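Only one structure is covered here, and it is reproduced in the block below.
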Amino acid sequence: MNYASYIALIPLLPLAGFVILGLFGKKPFARSAGVIGTLLIFISTLLALYTAYQYFFVAGKQHGIYPAVKALEFTWLQFSPGLSIDMGLLIDPASVMMLVVVTFVSLMVHIFSIGYMKGEERLSTYYSFLGLFTFSMLGLVLSTNIFQIYIFWELVGVSSFLLIGFYYDRPAAVAAAKKAFIVTRFADLGFLIGILILAFYSGTLDFGTLIQRLTEPGSSALAQLKGYGFIGIPVFSWALALLFIGGAGKSAMFPLHIWLPDAMEGPTPVSALIHAATMVVAGVYLVARLYPVFVLDVPVLQLITWVGVISAFLAAVIACTQTDIKRVLAYSTISQIGYMLFALGLAGYTASLFHLFTHAFFKSLLFLGAGAVIHYIHTNEMGNMGGLRKYMPVTHITFLIACMAIAGIPPFAGFFSKEEILLTAWQNNQPVYYIALLTSGITAFYMFRLYFSIFWNKPLAHNHNHHGEGPWSMKFPLLVLALAAVVVGFIPFAHYISAGQQAAEHTIPISFSIAPVAMALAGIALAYMLYYKQNERPQKLATAMGGLYRLVRQKFYFDELYLFVTKKIIFNGIAKPAAWIDKHLVDGLMNGLGRATTGISERIKAWQSGSVQSYALYFFGGIVALAAVFIYWWTG
Amino acid sequence: MNIPLTHILFVSTALFFIGMYGLFTRRNLITMLMAIELILNSVNINFVAFNKYLYPDNLNGVFFTLFIIAIAAAEAAVAIAIIINLYRSHRSIDVEDVREMRG
Amino acid sequence: MALDFLLLMKQELLITVIIFTLLLLKIGSDLSNAAVLNVANGLLLLNLLAGTVGNQTGALFNGMFFTSPLIVLEKNILSLGTLIVSLQSSSWLKKHEHVPEFYILLLCTLLGMYFMISAGNLLMFYVGLELSSIPLAAMANFDLAKRRSSEAAMKFILSSAFASGLLLFGISLVYGATGTLTFSEISSRLDGAPLQVFAFVLLLAGFAFKISIVPFHLWTADVYEGAPVAVTSWLSVISKGSVLFVFVSVLYTVFKPLAGAWYNMLFVLSMVTILIGNLFAIRQNNIKRFLAFSSIAQIGFILVGITGSSQPGTASVVYFVLIYVFSNLAAFGVVALVSSVTGREQVSDYKGFYKTNPVLSWVLTIALFSLAGVPPTAGFFGKFFLLMSGAGKGNYVLITVAALNMIISFYYYLRIVKAVFMDANEQPIERLAIPVYPKLAMFICVAGIIVTGLAGYVYDYIYSLSFGF
Amino acid sequence: MSLSLLIILPLITAVALLLCNGLKPVRVVALTGAVVQLLYSFYVLLMYHNQRVFDGTPMLLQENHVWFAPLNIHYHVGVDGISMAMIMLTAFVTVAGILVSWKIEKLSKEFFFLLTLLSMGAYGFFISLDLFTLFFFLEIAVIPKFLLIGIWGSGRKEYSAMKLALMLMGGSALVFVGLAGLYFSTQTAGGEHTFNMLQIAQLRIPPETQLIFFPFAFVGFGIFTALFPFHTWVPDGHSSAPTAASMFLAGISMKLGGYGCLRVATLLMPDAAHAYSWIIILLATVAIIYGAFATMMQTDLKYINAYSSISHCGFVLLGIGMMTQTAIMGAVLQMVSHGLMTALFFAAIGMLYERTHTREVAQIGGLLKVMPFIATVFVIAGLCSLGLPGLSGFVAEVTVFMGSWENADVWYRLATILACASIVVTAVYILRAMGKVIMGPLQVEGASLQQAGALGDAGWNEKAAAGLLIIGIIAIGVAPFWLTELIKQ
């Protein structure tokens, strides 16, 4: 079966959008940028769906699994024989799934943006950046080679930077964009070094070969990796942990999560696309990609698990105290990705990817809904909202669906995937299970806190809105995504996507679902109590919690900690001395040589006294010295 | 009468250093010129003495002396002309007054 | 014999004829200055041309006088330099009352140099040396009314007399030690005894005085500064060049048995000379004085080449002197023109020079670059070969010191360039018209600077004539 | 059609420039010369490709003429992939440099003359196979810089020009000693010493000799490429230079050093290079990290780019010091990439400066609003500098890292990791500058918002210059395989 011809088009069409709108955005396409961009991604989406159809239903399984196919591959950069960066298109269940998710969500965001960004001066720039991002993300998911994934990893990073900083004249947006890029760059450093280690010992950068070389029985590469150590830890663990740091950075995992909430400075549709559905799950995807390798090292899996759990819990707690609706959603994203990661750490490959899949839909729906709200009311602050259900019926309903989905209320999508994850945790690690269960309760609470605050609570104080809920271009994506949030949970995910050979199809016992659903309902009930009507209770509660509340409200002072490290330690402690040393010591040395020369020159001026007698004396002295030295001391 | 060569060389060397001393200490330009003549004369004595004592079979040394005397005369002539000219502009033939250029 | 005599001594004879011609002109007619200049330059050109034909190796007067293609080449280089100096000084001489005398003195020194180069005997050498230096003292005083000119002449004649006294003392000791004055015999009788080394040191000092090796250099700057520019350029290029030629051949042939001793001496002297020359050159404000010290540093580099004591050694020294003639005379040409028209000789006077005199500025810059050793000017090749010759001995300390000293020398050459191109000046030197003769001289110099280096043939030719051991 | 034409064409251009009169002819002649040279470079590339198919030898299109027979000095030129890459770089940067300085009115004839002379030096240097020829062209390329900075520069231009010239001269003095040492330790079949690099490579200099002369050659060339601690000419020189001169300096001139370190020092004296590699790596790592941190504190855009050049050139030296095939390839890639990128960066800074008359980061902001093209150029240069995939910087850095990692020694690895870490620091300072100058609220010191808003965007010449360099950067970044194929031996 030959995929190459059209699969290559899936990422290349958005790229074409980027190039066309980037170069000619000003003159011919200033008005039609949105349509052009949307059209291209629409074709991409159709092709992606067709690919999925072809892959899952036409080609089907071979020997009980869906085969991994390289639709296209060429050498991009040859390092040494056997070691090269190859660019290719890898088609396997995970990548096809991601293909669908990315193109679909991207299409929705493109459509939504037509309405949302209307009147924006730099519309073509916006759409070209969206194209660049979509291209990069698609390249990332289709990677055949660990370096290819790194390349696109960086590219999504920069598109994220560009889009966060889209409103470039707002200092906050600029700061957020820089923060996002630098924090993820720092994580990517780990990724890069991890790649270097793995590549050196396994002698390849290709995913397939790499996995095969490391997992084959009696693998010499694995033996070497486990044999050598650095500071008492095997190189293998270093490599995987470093790779994971890369993933954690992109996925905003604790303690590298600080960039994601700030990233909300970008246009809201961008947040929906990049910071909810696609780019931030790249870390999960990376670990999933190399899952057979990660499985070989238990300590790293545990690291992943605990990072995931802690992130899930902490982010959920922080989300309860935030008042900026996009920030709440951002923390909820961190929390949900934490779920996916600890599921991976606990061998729940399918569960994790399933949650990734469902999360993409309901989270982008939440963001787009939030976008619609912001579009309507021109503020992000929860305190300024309330009673919007009357004005924005479509948004209200779809938002509610999404909230139910994320809270894990059956039969919405989130329920199924979260259930899988909790089951995995229950089976493998009980403490994690309990924390996760608690977290899911908190999730339901803060989501409904958000929901009630926006749509119920106090009535809208003054409505100076002249336009309605928004054009159809905004409502349509909400409806489509809401539909998806309802139905995608019913897909028999495990049938299609599973780790390695075992196609583990199992059903979850009904009895297991009782606890999580009960937790979720409890959370909702609490939110209802506190936020359904305007009242004093939340305030009182916050006061009662005192220091704890402040700690959480200030996000555990992570930003301040980072600020301290960068400003005080790196800036004042390293960079300033370096610049000083360069100016005064190193350059001073060079200038000093010059000064010394002129100084000596000035000092010996007196030799040239102008008196002919002293000249003769020097003359004679020269003879005496020469004669003395060369006749008596230095002969031969 | 047999004066050894060393005696004569001693005289010439003494003359040489007397000339040197004169050159270094006298401030009058003419006197300095005379001191230089002393040095040249010490060389002359050397040549003649070597010729007489060591290599009597040719007259290289003696001839050299003749040339030195002649050239010294020319040199003195030019030098005195210059000193006269110097006196015109400086109104002095003290070497210490003639050190405008230095450094 | 008669024909041999004519052929082998043709340059000396020709110069003598020219001297007498000029003498007769002086006595017999009252030609205008311009006419005298035309005649003199024509005769000098003739002299240069005569040097290029019918050359052969041979000795006259029982080895007193010796000539070979290399020697003829060396003389030709001097003739060329003389012609250039003469062309350049025309704008100064035109206003002077004693033009024929100047030429007579000049040519007397040239004749002295010829004899010195061709000398096969210490007596001949001494006569040539004196003939080339006594008239120079008179020439240094040629700006009769200027205080500094007199001072320079006084310093020169006293120092020079003192130096020749010491040189003679050395010669007398050599004579005492070997019993001969003939070069070829001396070298066979030397064995490195302390007395001989001492005699050599005295001789070396005599040479060192003429070519300004530190610490025998102190007269140089004062005399260069005080003397008229034409005389300064003559002193710094032709006079030095001639003594260098003799120095090399004397070291390589006569004092070959003392090579161990003089190698070490030159090793030390060259480093000291480069360093001191550079250090003094850094802060000079008078451009002539500056060029004096820079030429001292140049001598240090030449000494590095001489230490090579090989065929490349001789070749590179002769080659460098040729390049030095072009480079230094190009610089002096500009200085002479500026000085003769405006009387300004300070480095600071040259600020903003490029704005008013672009052509002169470029000539000066190219000359300075050549002196500094920047490609593609010939100076680069000259210095490269000198240092390579020195490196041939395997003494990399010397080479490294010399090479690093190039940095300092760069500094002061670039300082002038900076003044010319970059500095602002309230009263720059006005736009100067360049008369024909100086223009011609500059053209020759610049062409020489460019061609001598890039055309490998020149070096090949010099190399083929050279000798070493 | 021969390789020497690469030297002769600029020479003709230079002479033609001297004969020109008036602003317009001068510009046209200079540009025509550079463009013809660019086209001819492409032609040479083509010839090289064609010949390489048939001919197995590494050096192609050789020309060998005796220059100074007594010393066995030849005019000997030829190209291999590395020199071909450098020639293309030079051609690109030259055209861009001339385009950027289109508007220069002060002594424009001299300006373009010196630029052309400088490029001639670079071309000659890159094609030389004889150490003498190489040294000759190396020095040719020094003095024009002095004049360019001193006459057309800004700020403390005389001081910077002098510093640059003296330090580079110091470098070439050391190079000279190294070359002399090499020369005298060779002995060809005919009993002569030789400067011929191909012969020297085969002769195998005795290791003891290598140990003596390697430091001279390496440090000497190293000064040209900002080897720590001899890098201090870089910030001052670059920041005082006029735009085109900065582009030449960082884009071409610093590459002379890297190329020399590789070609002369390392490849001709491999034993010594191995022995000293830890020192090279140490210095390179220090340069990378320390340069990056020092950059963070700079407030002048040109200083930022100059210091970052120190850091980036550290990668070149690191690659050379690591001595693996891949690392060396990375070093060459980095030279080409950095050449294009930094030239672009300086071009962008120059364009900004021309309009805002300040280079202080604190005094300008939000320029994307008024000059989108220049701002975009700036962003692209910045992203290339911080190693974004798809632009050339990434390819080069990654290749250096991969190559460095091939050394299994722990300290080498540590150095590699530190070098990798610099990409984060690079991101910090690039984004800081970018965030302030390009993004944020519009601000131009000394101009009201209205005046600032009226500042124009790039003219055709600036667009062409930037476009040319960006094409190069993207061509390498998107499809590095053609370049690595070219470089590979």
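As written, the chains take the letters A, B, C and D, and residue 1 is the first residue of each chain.
Operating definition for what follows: contacts are C-beta pairs under 8 Å (C-beta built on N, C-alpha and C of every residue); 3 or more make two chains touch, one makes a residue touch a chain.
Note that this is a predicted model, so its numbers are computed, not measured.
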Of C-D and A-B, pair with higher C-beta contact tally: C-D
Chain nearest the overall C-alpha centroid of the shown protein atoms: D
Separation of mean Cα positions, subunit B and subunit A [Å, integer]: 96
Averaged-CA centre spacing for the pair subunit D and subunit C, given as whole angstrom: 42
Distance between chain centroids, defined by C-alpha means - subunit A, subunit C (Å): 76
Chain centre separation (subunit A, subunit D; CA means) in Å: 36
Contacts with two or more other chains, residues of subunit B listed in rising order: 23, 32, 98-102
Residues of subunit D whose C-beta touches two or more other chains: 166
Shared-contact residues (touching 2 or more other chains) in subunit C: 154-155, 158, 162, 166, 221-222, 411
Pairwise chain contacts under the document criterion: A-B, A-C, A-D, B-C, C-D
Touching residues on subunit A, where the partner in the complex is subunit D: 75-80, 83, 85, 147, 150-152, 154-155, 158, 161, 165, 168-169, 171, 173-175, 177-178, 181-182, 185-186, 189, 192-193, 196-197, 199-200, 230, 571, 574-576, 578-579, 581-582, 586-587, 589-590, 594
Interface residues, subunit B side, partner subunit C - complex: 16, 19, 23, 29, 32-33, 36, 39-40, 42-43, 46-47, 50-51, 54-55, 60-61, 63-64, 67-68, 71, 74-75, 78-79, 81-83, 85-86, 88-90, 98-102
Touching residues on subunit B, where the partner in the complex is subunit A: 20, 23-25, 32, 95-96, 98-103
Residue numbers on subunit D that touch subunit A, as the complex places them: 163, 166-167, 228-233, 235-236, 290, 293-294, 296-298, 307, 325-326, 329, 366, 368-369, 383, 386-390, 394-395, 398-399, 401-403, 405-406, 408, 410, 416-417, 420-421, 423-424, 427-428, 431-432, 435, 438-442, 479-481, 484, 488
Subunit A-facing residues of subunit C, complex: 154-155, 158-159, 162-163, 166, 194, 197-198, 201-202, 204-205, 208-209, 214-216, 218-219, 221-222, 260-261, 264-265, 268-269, 276, 279-280, 282-283, 408, 411
